[in-house]
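In order of appearance the chains are A, B, C, D and E, and numbering begins at 1 in each one.
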Amino acid sequence: MAPDAPRRRRRWSRAVSLALLVVGAALVLSFPFIAPNPYILSAGVVILNYAVLSTGWNFMGGFTGYISLGHAAYFGLGAYGTGLIVKYLELPGFVAWVLAALVVVAISVPVGIAALRVRGASFVIVSIAFVLILLLVFQSWREFTGGSEGLIVPRPFPDLLRPEHHRAFFYLFAGLLAAALVAWWVIDRSKFGTALKSIREDEDKARSLGVPTTRYKLIAYVLSALVTGLGGGLYALWFGDLDPIFQFSILIGSYMVLMALLGGVRHLFGPLLGALIVGIALEYFKLEFGDTQFHLVAAGLLLGVVVLFMPDGVIPAVGQLIDRFRPQQTSIRDVSAAELLEQNRRSDASATGAADAREASGEASTRDASDVSDASDPKEVTR
Amino acid sequence: MSGPLFLQSLILGVLLGGLYALLAAGLTLYFGIMRVVMIAHSAFLILAAYLAWWFNRETGLDPMLSLVVTVPVFFLAGFAMQRLLVSRLKPLTLTMMSVLLTFAIALIIEGALGFIFTGTQRRIQLPYAGDSLDVFGAQVPVVKLVAFVLAAFALLSLYLLLKYTRFGRALRATIQHPEAARLVGIDTDRTAGYGFGLGLATAAIGGTALSLDATIYPSLHWHWIGPLMAIIVVGGLGSIPGAAIAAMLLGISQSLLQIPLGATWAQTVFYVALFATLMFRPQGFFGGRLAQRF
Amino acid sequence: MNLETVELTKSFGGVTAVDHATVRFVDGKVNGLIGPNGSGKTTFFNCVTGMIKPDSGSVAYRGKDITKHASDRVARAGIGRSFQLCRVFPRMTVMENLLVAVRHPSVRTLLRSADDEHERERARHWLRRVGIDHLEHAEARNLSYGQQKLLELAGVLMGDPDTIMLDEPAGGVNPALIGRIATLVRELNEEGKTFIIVEHNMEMVMSLCDHVVVFDRGRPIAEGEPSMIQQDPRVLEAYLGV
Amino acid sequence: GDDGGSGGGGDDDPIVIGVSLPLTGDFSEPGKGVERGYEAWAEIVNEQGGLLGRQVELKILDDQSNADRVVSDYESLIAQDGVDLVFGPFSTRLVVPSARVAQEYGMLFVEPAGAAAEVFEQGFENLFYAAPAVADDHYNYLADYLLSLPEGERPKTAAVAAMDDPFAQGTAYGLRDKLEEGGVEILVDEVYPPNTTDFSVIAAKIAESNADVVIGGSQYQDGVNLIIALQQLDYQPKVAAFSTAPTNPEFAAAIGNQTEGILSPTGWSPTASFPSNVEFVEKYTEIFGNPPAEDEANAYTTGQVVAAAVEAVGCAEQGECQQQLIDWLHENTVDTVVGPLSWDEAGRPSGAHLIQQWVGGEIKIVLPEDAKEADFIYPKPAW
Amino acid sequence: MAAASGAASNAAASTNLLELNDIEAGYGRAALVLRGLTVQVPPATVVCLVGPNGAGKSTVLKVASGMLAPRSGSILVDGVDVTGTNSQRMLKHGLAHVLQGHSVFREMTVAENVLLGAFTVKDQKVIDERVAFVQNLFPIVGERWKQLAGLLSGGQQKQVEFARSLMVSPKVVLLDEPSMGLDPKTTAKVFEQVARMRDAGTAVLLVEQNARRALETADIGCVLDLGRVHISGPAPELLADPTLGELYLGGRPAS
């Protein structure tokens, strides 16, 4: 029982994910047609953009546990990169977009090498510093970036009316998101993913087990930067007006974190779910309290509640809720010294090797069952 | 650059550095000693500044008198914050979660300030705002001098408190191994609470000092958090003297660099220093030694 | 074919933890490394496995110089080690702890699913060998100290290294199990694995090891058969204190 | 607002006018001024029976001085709330993106603040700047006056410090360049980001240069800070000119009443004798208890311009009506509180600004000769 | 249960310095770890808990020192019921606990660590004496007085921890594997010290995996298994028992 409970949970969550996937996909694809007006549609685009960003963030934050509050840096770089390439090289928008992504990668490598030398809180600080630097540079280097007047990115589809324009980009963002999710999923279940997670738990130990942590961290970091950068680039093409203060704001970076966290950083759909909730909330607050600062308070409260009451995110929280209704059971089966001795004899006698292992495990699990029963019945145990 | 201008901006740099030092000291306290990344520190700073401004506007008295109220209030606020919020975080994820929690608090403060005082930029109007002392031809603005003295004083007493009192020891023990700390009879809850309270008390003082000679507005804290964070990393996490030295050096170099580079580019000195630190000495340049062992 | 250090030196500020240590560990043997507290055993391990950089001297493994290699590279070269202050992945289950430890996959297999039945079987096998298979699904941080120690041992074995360095494998482990671990070591040794074991449990060392090196103040002061080591006056004086 | 989208509805229900303003953030100070101006306009219009017999109703959102917010604000106002008309926001940085949204929804876009050159280089046909002159020309009278002074008295050197904002820089650099052509040497030329609060070093440089003229390309608070920093360093220029700041009612108190001789350009004077202006000043004063300042006036002007078009064309709703309004404004001249205004095809007004100076604790028009209320004080007394 | 409470209770039921009665305890929502366990420690006695890994030995000590609240059962220190008392008050009740594994304050100096041991002691003279005492008992403590404790070797850290616990002289001492990671010489010292405490009248509850060595020092042995007292009795008897030897105390390792 103990061993297959997790298995059941795994099967269960897989089912849920599948359901989510189907429903989600259907909703996303149909949204542009149900959206009552262009504004709602544009809000949808914004939310998808958030989803892409926080999923991108989660390549780093989720797997390796390195919290970057400065990921807006790559959002901004992707956006400005695209804009500047269009402006100076006069390339078509989407070519510029791809090139910009490459630029982002090129930048993220050295930065990653430097930043990943420190862990935990220091890394957080560095990430913040990085985005602030870029803010300064893009604000002050007006000859090149347009300074705080911002940069105007020509529309890729100049002849589309605004609503069609939103629709087109809605699907583009959806596509990007899908790609990001698939990538995350592949890594999550791979050996590579496991290695990254071990870094999250204890980096030195992971190293001593042969995990090339430095390289892996860097790969994860660059991937994360890439996805975020692509999101930024697409945003630039969609939105058209880049403003350094917005593109490189800590606020955006922390929204990414908030969303991922809210949904659950260890879950494929965590960031997406988080983006939905936060995105909708933000738009709502903006419409409701548009002329006050109250929306900040609201966002803060939301974040605070999440951190305090469901630090692992909504998805696990729901999972636990469901567990409540399951019969309570310990994952730790007790084994008495007598049995240990039993085993001693058996396995000492048996030669090492998978063959005996398989057989032994078979009868191990049968022993499980018996043991839980007598664990639940005091008189039996010590005899 | 000419001699007098150099002297002038050197003096301004020192005065600025003093303020940085105090503000950074608070962060060091949370971060180096309590393993909490206090994003909200500068938000509290601005809050204190606002209270000083408001106090001055309502009563017309000198803003520094507001310390009598704000310091104890902030201390209690810090205590409450630790007991009610931070202490709920799991030790395993404390650092990461504290970042987000304190970030949330920062947002709330910023929002509340904007809500109550609006986003309008404020500045205390002091009769002696324009006055200055003449030192070898260089002008030392009185307000800045006052702020500096305030900062230096607070910084010193904080340092002594942590270094030479049972409390300081108990605080560090509490953070490093709560169970063991309890077993030697330390009331870990209260200690940690006091620790936080102290941190916020410094924010109160720093904020008031800040308000004497600067414009404040709710979102101002974002412009402080970056340099301060850089300072404590360069200074070596956990080392208050380290933070102070780094703050002084960076403050001075910032104001000196402003002359050739201009206001904006000069700010980058903090981040350049930060990345240099990572490259050559990730544990920070002054103190901040961690017991890293396998 | 062996693990060899020449004039290996590491000092921290005042303390010279390892002091021009020239040691040779023969392949296919169970080597013991003993010495009083603070004599530099763990530091020696750390230098050899690249966890910390030695100040001077060199480490060679099977003829290749690995002095400058980072710890993960050393591990991939086939040297596994356990930690004295034992370290496990706290928020992973026991099983996951072992799956991380599989000998590091080549680039091709990197994106294959981590969760394959074969590895799981191997993992269960090792868990059973160290007597904690009943904890397969427990979170590592919830294990008792000794259980964590055993888990760590299983983890090292999971990586199937050729040379296994254990830092106090018996510390905090129940005597009944110690016997069992000894047996395990013997068997693996017969399969051709080399062991370097730091241990303060003399019974274990003496009965298990073919060759013992004694450290004192960062220097090897004696080495040889356990039997003769036990007679050596310097060892008695420095370590056993009888 | 009514979700009926464009079409506006029957004759009795109010004309809804959407605005997004920087009520918080870097531009909150002037932003609020503009807000008061719009409110005053609405109130005055309504008590005179509204437009086309319908009451007007303002829907004002806060864009926190963010370009992304301003765009989504106008998008929601136009597409979601279906407002009938829009007024422009404050500051060039926000005008350009919002003008584009308006254009893409075919809306008339009259704005009170986008004075900088590039606003008119974006090829908007729907945009009109409701003030006498574009930024670069604000100081024309002052430049001419200074350069016309006899060789001996004419200032030789000047120092410039401008906020990194197109409008502020536009004004300051307009004067700087004219003086430079006139042979005045520019000793200091500083740019500072909008969020700068510490001016001590900039001030130190200016003080050290000891230039005859100090030109501040300032909004409000930065101007105040710069002046105080200059006072602290005991620097005494012959001419001190600051854009916008000195016209703010709190200015005198903020700098310790050392205002004598400080100059500032203004598109509008409370004492100008245009009929609508007299009415505006007294109505405004009775509504808000204190006389209006320039930002309020510009906002009011915006209202007047739109009102004129609406009354003339006889419609106010989304759709083809908007184009009619635009065309009408291109062809006609409108009488406003700043005098008659007409625009070129890009929306540039064709006029110049007046120069004001603090004289005996009051701010008075000193240039041009024909409009002056007091004599130009030169050199400026110590502060 | 009578059997379980064993010799300990018969020895001096009334005057036990430490009593754990019918303790049931577990972690979080997981199943019970201690299932109705009774241990009693009279004055001037060393009671030694042995048992397989995960038997619940450390948990017993955690419950006794208030680190883990029992689900049922009572804890008495010198006759005072301290059930549910927070662990930071335990020292006031005269109970000290040395944790298993490594619990030095890593980023504080050895000095600070040791002095924190005397956190509750006000009298400077007493503190100085004790410092001198531990310094010559464990030379390393003196030698590394100003160094960060976290940088000491594993065994050295254990010594510092033990030294820290010697800064006070409580009525009851709980020791969780004090000899782990110590070399034979130092191990001997530690057990000597344990014996001294006993002679000074302290009640010692000792957990050891180095079982034979520990039982030689102890008066009473308690074998724990699956969270229950499996057998308890005079240490020598347990040592003599062959089946126990095989099950818990380890014969000579197979070779």
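Just so we're on the same page, contacts are C-beta pairs under 8 Å (C-beta built on N, C-alpha and C of every residue); 3 or more make two chains touch, one makes a residue touch a chain.
The shown structure was predicted, so the numbers you read here are calculated from the model rather than taken from an experiment.
Within the contact network of the assembly, the step distance from chain A to chain C comes to 1. Counted by C-beta pairs in contact, the busier of A-B and B-D is A-B.
If you average the Cα atoms of chain C and of chain D, the two centres end up 76 Å apart.
The geometric centre of chain B is 38 Å away from that of chain D, both derived from CA atoms. Measuring from the averaged C-alpha position of chain A to that of chain D gives a distance of 45 Å. Centroid to centroid, with C-alpha atoms defining each point, chain C and chain E lie 29 Å apart. Across the assembly, chain D contributes 23-24, 164, 191, 193 as residues in contact with two or more other chains. Looking at chain E, one finds that residues 30, 51-52, 54, 151, 246-248, 254 touch two or more other chains.
Chain contacts: chain A has residues 139-140, 204, 208, 292-293, 331-332, 334, 337, 340-341, 348 touching two or more partner chains.
Interface residues of chain A facing chain C in the complex, by the touch rule stated above, are 2-3, 5-6, 186-187, 189-195, 197-198, 201-202, 204-214, 331-335, 337, 340-341, 343-344, 347-348, 352-354, 356-358, 360-361, 364, 368, 371. Per the touch definition, chain C reaches chain A in the complex via residues 49, 51, 70-73, 75-76, 80-81, 83, 87-93, 96, 99-105, 109-115, 118, 121-122, 124-125, 128-129, 131, 133-139, 142, 155-156, 159, 176-177, 179-180, 183, 187-188, 191. Contacts from chain B toward chain E in the complex involve residues 166, 169-170, 172-173, 176-177, 179-188, 238, 289-291, 293. In the complex of the two chains, the chain B residues touching chain D come out as 2, 4-5, 8-9, 12, 16, 114, 118-121, 123, 125, 127, 129-132, 139, 141, 144, 214-220, 223, 255, 258-259, 262-264, 266. For chain D in complex with chain B, the touching residues are 23-25, 28-29, 32, 64, 164, 190-193, 195-198, 200-202, 204-205, 207-208, 220-222, 224-225, 228, 231-234, 253-256, 258.
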